[in-house]
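When the chains are written out, they are named A, B, C, D, E, F and G in that same order, and each has its own residue count from 1.
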Amino acid sequence: MLEAVLLGFLFSLFLVFSGSYLRGRLAVLSSLIPLSLFIYFSTFISEIADGKVIYEIHEWVPSFGVNLSFTLDGLSLLFALMITGVGTMVFVYSSAYLKDHKYLDRFYGYLSLFMAAMLGLVLSDNLMSMFIFWELTSISSFYLIGFNNDKEDSRKSALIALGVTGIGGLMLLGGAILLGDVAGTYRISEMLSSREAIADSSHYVLILIFIFSAAFTKSAQFPFHFWLPEAMKAPTPVSTYLHSATMVKAGVYLLFRMTPVLNGAEIWHTVLIVVGGITMIYSAIHIIFRTDLKGILAYSTIAALGILVFLIGIGTQAALVAAAVFIVVHALYKASLFLITGIIDHETGTRDVTQLAGLRKVMLPVAIAGFIAALISGGVPPTLGFVGKDLIYESTLHFKDNAILLTIIALSTNVLLFYAGFVAGIKPFMGKLPKKFEKIRLPSPLMWVPPLIMTSAGLVFGLFPGLIETAVAKPIAMTQALQFEDFHLKLWHGFNPILALSATTLILGTVLYFVLKPKHSLEVTIAKLDPIAPKTLLINLSEGFAVFSKFWTNFFQTGYLRHYLFIVVSFLILLLGYLIFSDFSLSIDTSSLTELTIYEISILIMLLLGVLYTVFTKSRLAAVASLGVVGLSFSLLFLFYSAPDLAMTQFSVDTLTVILFVLVLYKLPKYLNLSDIRLRIKHGIISISFGVLITILILKVLSEPKNTEVTEFYAENAYKLAHGKNIVNVILVDFRGTDTMIEISVLIVAALGVFGLLKLKLKTKDKK
Amino acid sequence: MRTLILKSASSYLLPVLLIFSVFILLRGHYLPGGGFVGGLVAAIAFVLHAFSHGLDKTRTILKLHPGFLMPLGLLVAFLSGIAPMVFSDLPFMTGLWAENPIPVIGAIGSALFFDLGVYLVVIGASLTIIFTISESA
Amino acid sequence: MNVHDFLYYIILPILSISSLLVFVRFFKGPSIVDRVVALDLLITIGIGIIAIYSVISDKPTFLDISLVLALIAFLGTVAFAYYLEKRNKND
Amino acid sequence: MKSKFLSNILLTLIWVFLTGGYEFNNFLFGFILSFIILWILSGADDKNSKKYFKIIPRIISFIFFFLWELTKANIQVAYEVSTPKFNMKPGIVAVPLDAKTDLEITLLANLITLTPGTLALDVSTDRSVLYIHAMYVEDKQVFIADIKTGFEKRLLEILR
Amino acid sequence: MIDILICITSGLGALFVLLAAVGTLRMPDQYLRISVNTKAATLGVGLLLVSAALFFLEISVFTRVITVIIFILITAPVGAHLIGRTSYFIGNELWGNSVIDDLKGKYNKSTHELKGEDKENESENEKDSIPKT
Amino acid sequence: MEILLAIITGVLYASGIYMIMRRSMVKLILGIILLGNGVNLLIFVLGRITKGKPPIIDSAEKVLEGVYADPIPQALILTAIVISFGLQAFAIILMKRTFKVLKTDDLDQLNTTDEDS
Amino acid sequence: MTNDIIILPLVVHLFFSIVLMFFWNKVDFQKIFSVVANFIALLVAIWVFVFVYNNGTQVVQSGNWEAPFGIVFVGDMLAATLVLLTAIAGFAVSIFSTISVIRARLRFGYFSVFHFLLLGLNGAFLTGDIFNLYVWFEIIIISSFVLISIGGEKNQLEGAVKYFALNFFASMIFLTALGVLYGLVGTLNMADISLKIAEVQNRNLVEISAVLFLVGFGIKSAIFPLYFWLPASYHTPPSAVSAIFAGLLTKVGVYALIRVFTLIYGGDGFLNTLLLTLAIMTIFSGGVGAIVQNNIKKVFMYFIICHIGFMIGGLALFTEVAMAGVIFYLIHDIIIKTNLFLISGLIYRIKATNNMKKLGGLYANYPKLSLLMAIPLFSLIGIPPLSGYWPKISLILASLNAEQYWFFGALIFGSLITLIVIAKLWSEVFWKDQPKLSLPKKFIYFDQLRLGQKFTFIFPVAFLTFVTLYIGFGAEHIQQLSQRIASELINNELYIDAVLKR
């Protein structure tokens, strides 16, 4: 299976370097990749139908427990087939749809990247590697939505989609990590054995939050659904492949996968039913207000995804089987409808359903495909859609709580989906062909054969539900259920409430189709609700956040050095103040201190006055001269306190600094009285507080004993071992000679810097 | 500055100060002093000369560009630091000492060369800084 | 009273007070020249203090510090003069 | 050559004084060191020097003269400073110079400055005039004469 | 004996230093201050150094003291000259009771040249005129 | 004495910090120098002070005995002083160059690089 | 000489900076020499790394003075790793510098100072002495001052003044901390301090010294609220300089925090809470700042800040898992941030601007180059399985296990912001059509370069990208390394025993 996953990656890598070979006619050859994979996976059908599960493990990062372990069971096989199957169709279709596109090679690159990632996602048995592929699907989706990257709309939509799925991805990561931590493994198949431990864990709810967030964002559940209609900016093949048939189902897949691991508590069901239910109804209602074919399909896709989540929430075997079958149904018809929409768009240049009519006269095969797709979508017997719809009603009706309510929700959704399918699949082909469309010819078969194939499949599966039953429904049910109960899929169950519900759906849907005409005015009406739509809310939120970000950033990053220093110093004062006053005990043993003498005091007074004078004088030169006084006082202090070397050095350096200052000063303007008095007071308070804290700190430290082991070693050995008697110098050139080596390097670099700063003058042409 | 008095005074001061600087350098291991202060004194001697005689004159006296003294000094310090690594398989900066001490300076060892390096670097760096500023002043 | 005490209790205080007096001039100015002169004098007094201190603490080597001080003080004066002459204005 | 050799010896002596070590090795080291320094500095100054042994008595007498002036004038200033009223008649006087060489002028100016009450402010660019600030200028001509017959004459006797 | 000598030299030294300090504080103009402090301090510090030399009575200390004194004797007057000249240059006025100012108008403000005595008469009349160069 | 030194250190820190928060670049550098001195004094004081006993072995002795000043803080401060000298020299030149290019030493006018561009 | 192997990186850089100074004016020679020197340094670093990996922590007692009396250099796994990363980044940047830094700058000691900077970085990583660490920090900052201001353009100077002032302040605080610490324990050897500080009765003072270190290093590592100098300055020098700053300079602050807070102040509750809070705020502020920016260099700068928060937070959690995450992130971050700034330099060379509004069309015109650049960008986001992804596993796990949900939230926030902002950047810079602008005419554009020059531009980027890919796909090796380092850090007796030869 690793090879199967890698094939797509390798192909896209190949395209990076030799994409130019894949232009024009040859493009269709690239569909050999998904096709061969489809065939490859088909060979497993019988094995899997027999209840076998195939595992494959490749070590990757064992220290994280992240390995490429794949599993092929009913669920992953279904998705793998769907991915490769629909993939083949889309690959073929695209070769004609984007025939002369400049970047066709890139398109195939992304597409196969996506396909590989999606395959990896559904095949992964390791939650971590699943996450990896999950993120890759988001990224490839980003590239595909933004494929027409010269259009601002596309770029923006790509960003929105990435943002929403990105959050979800991170949630999945969180969930995966927690689950892995609780279960002790990232392997989903092994997590099953820790089912109870997980449910009992204190992190259970958190895990659910994470997993749900991931699934809901990826599968466009309310209120995260809005990215999906946005994503319709992508070329139609992309919408077909990613945003209806496969990627958006990744969330559903995740829920499916995690059902046996996580569905232990009631909250699992409640949340899924509620969210799925709201999503179904909310987006189904939205369909009515749309006139753009892709818009209609987008919302109906969301509704379908809602149904799937809803069914998983119900979680009975029937519901899960219903969901499995519905996945197939939806993939077949929705992909077809998208492709058909693409053809219409491609040939007529519009997707506005109010303008489209009579196209059957110029593109009959397309019309046929559309017609069948609409039937499947509407659940009209004998299509597979009918089978699917039946199963849905069966599960809602038999649910333990609120069965009626759930059924009504399902019914309304189905009616609206029926309407959507008919508007998209039938309406453009019916009625009188407008004059402007008369010149239209049937496009290349590469475009219309794929939808025809898929819809036919829907028809065939409907007629022979046993195929789906053995290949899909039962294997999936086995992956889900703890106790598998046998069942059979049938077109005809006899007269029962379910049949009545199905019939009602058909009737109401038909009525709706004929009564309700898509109108622009409706779109305008719904637009009035935009201000409270989740998308708007999110956009407002993000705009608000951008404003806030700007405020926050500019609040700190004012450009004023003193402001930065003020914050830094205040922060330090806060911390030091807190610590010092949280344990304020000053016990200084005054007897241990050195005595005071008059000359020390006068030097200190001189030092103090020198410092204050430096601060407050209005003359720069006087301030600099005053530094000289400070330096002198320091030097004498050091001398008194047994540091002759320091005395010498301090004084030399201070004077040298003064000299430098003096040499530079006369180029500079005089002091201006720049800061206002309030600022000065504020800074004064801050500075004084800091000074006081430092003083207290010193006194505190002085009241503690000091370890003198190292000092004593130097006193003992400076001469004996290092041949020097001035211990300070011995430390500088021997004990700690490395310090000195670097210290002189600092001096050198400073000198180089000075030299460069003053000598180097860039000419204009040098400036970058 | 065009003042004759300063000019002639500093001409006489220069060699005296230089000798003093070497003195400070060499006695550093026994008494206050050492490469850093010694270097500063030497640098100051040249700076004085430059103030009174002008930079160009001082440059001709100095012969070497002060910038050259920096790598030279660092090289001396560096070599005295790695000599023990290369020659005696001892750790970096290990002191190597001659058997017999000589008068005034005392024991001759790698530390002395190290200090000499410091001395040269300090002269080089200080002069580079001050000369550069004076030139652009 | 021995020499040590004499130096300690009489000479050093006189020198200290002298330096404070000079500091007053430094403080008062009014011209920058006054400050430079005061600084120079302060350092000169500092040399005296060092000389006496080396006696008190019996450390003749401290006298070398006074030479460094004298040297650098001179350089400071030269630099200030240099600056003032170039700048040609009283700051 | 000769002057260089002399400076070399002089510097060697300074070295020996500084270090206070009177062994042969130290002399040798000092000699080498000062040789190196002089070599580095060569080209700075090339004045000839002469007659060292003749001038020594003059130097000694000059030193005493100087010390006397120094003490005398210091007392004068002490009086001035410590009494509340000022009796000074300060002013800047231009004194024509006989001293010609750098060394002569510099020494003269320094000595004048070191004695209280007078401060050699500057030398004219053409070296003809020394401007002296004095605390007591009763009579300009007398003042000039004092300087010329006192310091300048004695100094030039030594130096020439 | 030597102790008394030390006391005398150091006492005198400290006194001269104090004198310089008071002078610096009291004197009415910059030139006088410079004048007073240069010598008093030089003498004072010299004496203090001598007292140190007397105390240690070692040849190395003696040479060292002599070096410092010589150094001060060279640098102090030169410094005084520099700063005094600068003071004039930047236009610090003489004390009001000063009797004579031969320097007046002798400095060329742009070239920093100083005229000699000979041209005194011409220049005194046109002290602020711009010199022809 | 230590108490006074502690206070002086505090004053140096306070002055340094006050000065680096001014608008004039000259004051910034003065502040840096004061702060540097304050830090040196802090290390010195915290290394414990001793009067009149420099860490120098007498010419007759081979080891340093009795009460003596701790040489380590002195060595550290020496290193710090030299380093600060390099930094200060650089800062002064930086100030000069900045004034030359930007024609101001008002730090408040150096606020364009933080803006978005 | 094998005893001293861990200090060879220092010897190499010091030697070459001396040599480069001797050949001050020979720019072409300097270019070649610097690249050769960095290549040697890279080989040496690999040798050191392998040696330490096989033989465990190495200790060199400089001057042959046994610890704690002399300065020791300690090559533990962390130090060896960082030395290796420095060598990798240094090698790439030196090549990039030869072509991207203009001649005038090179004539004024650029390479020499560059080697001093690398010397400082290596020294800081290797030293086992706290004051010596200060000294290394100083050679780093003085070199960075010079590099940031070399050329003296308006922007550079503005940035340099702020950079200088705040970094100088940081050094002062560092010294203050050092003074306090020395006043308490009387030793400077970090291992020795670790032992002696345990004996200090007054724990309050210990915490105070820790807080001082925190602020001193915090400024250097640009954590909230101490980072302001970074957005004010990092974008002003040439890209090569920004690159080495971005990759290594803030990280050396992080390294110092890690070292000090694991070795000396390990596991103090107050400190960890403080660090964690600051980490959260750092992530937030950095992320929020990145949203606002339009200049790609500035975007990257704010990400430096944001991602520092990841590491500081991990440090605060103080578990082996978290620490492994920190180390992995550090490894990832050094390479990626260096590369991003090289990329911004490359983009500048192509389009003469770094402003997103003025940029565009890169993908259309330079598709392969764009894809090359996409890899580091995606790694920055942490798109799995690229390098930024792996450390997040550890960090998230550690934060959830410690029930630090705010930090977890911050991690998510930071990752999401990175994702969105980089996606926006991609869409603006690479996807969008090139807006019509009057471009500078005198500028030498990428297209006008000779093939060899182009190669010199691209090679460093490709090289670092390759390293990034290795970190991502060879995550097993990196994670094992990180776990080993984390374990060494948390169990600091190993370090102490090695240094003090107990």
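We take it that contacts are C-beta pairs under 8 Å (C-beta built on N, C-alpha and C of every residue); 3 or more make two chains touch, one makes a residue touch a chain.
Only a predicted model underlies this, so the values are computations on that prediction, with no experimental measurement involved.
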Point to revise | Steps in the shortest chain-to-chain touch route ending at subunit F and beginning at subunit E | key: 2
Exercise for review: Name, by label, each chain that touches both members of the pair subunit D and subunit E.
Suggested key: B
Practice item. Averaging each chain's C-alpha atoms to get its centre, pick out the one most distant from subunit E. Key: A
Review point. Measuring centre to centre, with centres taken as mean CA positions, what chain is farthest from subunit C?
Key: A
Point to revise | Centre-most chain [mean C-alpha coordinates] | key: G
**Study point:** Comparison of B-D and B-E (more C-beta pairs in contact)
**Key:** B-D
Point to revise | Chain centre separation in whole Å, for subunit F relative to subunit D (CA means) | key: 40
Check your understanding: Between subunit C and subunit D, what is the separation of their C-alpha centroids in Å?
Key -> 23
Practice item. Return the distance between the CA-based centres of subunit B and subunit G, expressed in whole Å. Key: 36
Study note, to complete from the structure: Note: subunit G residues in touch with at least two other chains are 14, 21, 62-63, 131, 135, 138, 142, 145-146, 149, 152-153, 161-162, 165, 169, 176, 180, 183, 186, 188, 231-232, 292
Practice item. Among the residues of subunit E, pick out those that touch two or more other chains and give their numbers. Key: 22, 34, 42, 58, 60, 64, 67, 71, 74-76, 78, 81-82, 85, 112-113
Review point. Where in subunit C do residues touch two or more other chains at once?
Key: 15, 17, 19, 36, 59, 61-62, 64-65, 67-68, 71-75, 78-82, 85-87
Practice item. Mind listing the subunit G positions that touch subunit F in their complex? Key: 131, 134-135, 138, 141-142, 145-146, 149, 152-155, 157-162, 164-165, 168-169, 171-172, 175-176, 178-180, 182-183, 186, 188, 231-233, 235-236, 292-295, 298, 355
Review point. What residues on subunit A touch subunit B, complex-wise?
Key: 644-645, 647-649, 652-653, 656, 659-660, 663-664, 666-667, 722-726, 728-730, 732-734, 737-738, 740-741, 744-745, 747-748, 750-752, 754-755, 758-759
Revision key, fill the gap. Subunit B contacts subunit G in the complex at 67-68, 70-71, 74-75, 78, 82, 84-86, 89-95
Check your understanding: Any idea which subunit F residues touch subunit B in the complex?
Key -> 54, 56, 59, 78, 82, 86, 89, 93, 96
Study note, to complete from the structure: In their shared complex, subunit F is touched by residues of subunit A numbered 557-562, 565-566, 569, 588, 593-596, 600-601, 604, 607-608, 611-612, 614-615, 620, 623-624, 627, 630, 634, 638, 640-646, 649-650, 653-654, 656-657, 660-661, 664-665, 667-669, 671-672, 674-675, 683-684, 686-688, 690-695, 698-699, 701-702, 706, 708, 710-711, 714-720, 725-728, 731-732, 736, 739-740, 743-744, 746-747, 749-751, 753-754, 757-758
